[in-house]
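One chain, subunit A, links the two complexes that follow: it is found with subunit B in the first and with subunit C in the second.
After this line comes the complex of A and B, so read on.
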């Protein structure tokens, strides 16, 4: 039996990373996200991708991140990046600064996405004030051409509380997928609260 | 020590065998009745999207126009001869211009991205998404490009569309050398990518009713025989049955 246990342990140690199971997010239950106090109550089931995109980030999807990508960022502090570094020496990710203003966030997100996702173009199509997590925040929408040459649309809603960034971002192909799940993302945003 | 080596050996076998055994390459939509495409059904064939280039030592893709041209000729001929056996049921999509051409290009790109997701989260069984697992237990295959495909040029005269994408990255000499040295150091470095995606899409709904998708297809598309082999693989289990001719 001990031998069997060792066998399984060894197999798990060297199993491919992508084989790690993704977690089911149940509908109608509050769940905290991005290793932070931020919580949402989804009305439909989602999948949480096992590999975190950043140390203060979490990724949800329905059909894979290429087709519907919901990103949560919580308690991002000064000096933190949104994503894991792709190539720190040649293309370092921008770092969040606690003295950033809400109006600085679209540029910060653009620079981060261009590096982390390899977006070749990024156009902010609207920026407006909003309420998020009970605070004044910013909502902006964008269009981006990914490294796969596919045009995507996106929405980001963010606020800064005590110098830390909280943000939710949705990105999906502009053909069919973006509109199909836009309301599901908006529902997540409206359910977001600090636990 | 022997016991330890046995355990590690078994674990390595498990690790290597699992993805290979778990990887699927084709699927048919659960509610698709193959007899639907026989008889009078008309299938619109869009010009395949073909990319060929070199994989640099660092792994980046460098397109090669000469190889792409060769592949376009070779795959074009192979697909044409394959199409001929189905007679008038496979029809060429009309040549598109302006906004129509952009729409075709956009859907070809979307098809490539949906195929990538199918490979990642459907065909690699160990990586399936939890929300789709119940579907999979019930043999439900539900992937779509969306009903907007009905706006594609030529769609009003057809029932299904055939999409084909191929992308080949041939490892440069530097990449191959790196692969050998990396292997000597116990590190895995891949050399080359030979992706091929083919799908039949219902034009009313955008649903993918049949698909073949694989990132390591066979056949060197720069050569006539290789392209023939690639096309055979792309059309493996294609649901349309060629009509029996009078002489047979």
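After this line comes the complex of A and C, so read on.
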């Protein structure tokens, strides 16, 4: 029966946890994110989800992460993963490498999202140079089909400073939600600075 | 176990005894009994459940609707089991990079795109589809359901675990277990004897349709080899020689491979392989399917898979994917190899413009700035509208 016991334990682990506690992020106050020197000044109130998606990551939302998911990644060093491992044995996440090119980041993010969030498809629709945190960076947009069979759009803005990755990522259903809060995300991006 | 799913299975407490056919007529395909309708309340309930799942599956965006690809897959199934049996099946191609096909008792067949990619020929695809159809024809799903019903809420546990497996471990999209089971299929567990019976009947279809029977053993061994390569690359031991666990429903992988080989040797006739037909049929999709595999971060397994598909006949698509795989891992030696794979891909197909981009980026990352910039310049000349053109122009300071 030991195996069966393990099975039940596994099933309990997989079962959705209780409602996650959130913390309100006040508007118009600088707040550091993702355990790093990166700070943003939101113009509207956001909710920070208390469970960190990764050790160098932080997740904000307005209506719940399924409807608008803002992820911050700060000081991700060589060998780090973007997200917490979901199944290290069978599906280990890709690791960041400090010699990655900015233009390699969409593929790295695709692989991370597919494994960590269970995306079924992922298409990068544009990749542009940009300024982020006062540095040359990359901005890319994508479309992804989640494991809930809902089409979402996303934007990521990233740069690599001294071999460490800084990134902000926004993902929301392409129907209504993506466009509704796109400007709020862009405002967060433009307010981002190193602390 | 990989034949049916990704989750190590210990679910099937019930092993139904289906006697294997007698030795002299072991591969005879019995007359088809026609479309089956549920008889008692157990079956009607089960049918209702699977009908509901099929409705959701039919509307899911992750199902590939390309008519040509669907016609091809259906054609292989119909050729394998015959037009009469084929009429009882609706086939759905689900875009998921895993080796799997399954069939629900109501006639819903799910074929994962990862199976289409891994099959090297029509015969290999036919052997998997035939095996799954054999489970359906012998109504193994129903036997399992009846037995599990008597042992508490096992089915509920299967649902929970099945959803988790289908979800690729990610839980970020919330609790959609109903939808996920509808799309990816319940992980039906069959007993060891049921697997053996389905193997025998599956070979019966192959023999009758004239497919090369050895293909079944080939694709099964390839799955074991792929898993070995994944494990070796991740520094783990192979599991193919693992013993029979008490709860294990499938025969061990090695036993299965040996059984398939032995059976294949006894199956009469049949030489049709359909290598080129399969390649042609999946050609419009192979780039996408390979991209899905690359995102899995499984260097060992994917490298083996690409190597097996290449065989003696490299194609530009496969070389391009291999370049992407090596460039993605990004060790200094990988970048050198990647540039070479892209070069070979361009030799085979000069119109595969993306290979210039891959080569340029691989060279840039390995410090070959001049050569890398040249390759990217060539790329930008042939693909000025590329979605990352502005980024690349900035990188080469144009």
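Operating definition for what follows: the second predicted complex is superposed on the first by the 175 of 195 C-alpha atoms of A that agree within 3 Å, B and C clash if a C-alpha of one lies under 4 Å from a C-alpha of the other, contacts with A are read in each partner's own complex, and residues count from 1 in each chain.
As a working rule, a contact is a pair of C-beta atoms (placed from the backbone, for glycine too) under 8 Å apart; a residue touches a chain by one contact, two chains touch by 3 or more.
Bear in mind that the values here come from a model prediction, so they are computed numbers and not experimental data.
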TODO: Would you check which partner chain A:67 touches, where first means subunit B only, second means subunit C only, and both and neither mean what they say?
DONE: first
Open item on the list: Just checking: does A:87 make contact with subunit B only, subunit C only, both, or neither of them? Give me first, second, both or neither.
Closed with: second
TODO: Return first, second, both or neither, reflecting whether A:118 touches subunit B, subunit C, both chains, or no partner chain.
DONE: second
Open item on the list: A:148 in the overlay: touching subunit B, subunit C, both, or neither? Say first, second, both or neither.
Closed with: both
Open item on the list: Going by the contact rule set out at the top, does A:98 touch subunit B (first), subunit C (second), both, or neither?
Closed with: neither
- [ ] Figure out whether A:107 sits in contact with subunit B (first) or subunit C (second), or with both, or with neither.
- [x] second
- [ ] For A:24, select first, second, both or neither according to whether it touches subunit B, subunit C, the two together, or no partner.
- [x] first
Open item on the list: If you tally the residues of subunit A touched by each partner, is the higher count for subunit B or for subunit C?
Closed with: C
TODO: Could you tell me which stretches of subunit A are touched by subunit B in one complex and by subunit C in the other?
DONE: 3, 7, 10-11, 14-16, 66, 148-151
TODO: Using the touch definition up top, name the residues of subunit A that touch subunit B in the complex.
DONE: 3, 6-7, 10-11, 13-16, 18-19, 21-24, 45-47, 61-64, 66-67, 148-151, 173, 175-177, 180
Task: Complex interface listing, subunit A residues touching subunit C - done: 3-4, 7-8, 10-11, 14-16, 53, 65-66, 69, 86-87, 89-94, 97, 99-104, 106-107, 110-111, 114-122, 124-129, 136, 138, 140, 145-151
Task: Residues of subunit C touching subunit A in the complex - done: 6, 10-11, 60-62, 95-96, 157, 160-161, 164, 166-176, 179-180, 183, 234, 236, 245-247, 292, 294-297, 324, 328, 330, 361, 364-365, 387-388, 390-392, 394-395
TODO: Would you pull the subunit B residues touching subunit A in the complex into a rising list?
DONE: 3, 7-8, 10-12, 14-15, 18-19, 106-107, 109-110, 112-114, 116-117, 120-121, 124, 126-127, 129-131, 143-148, 206
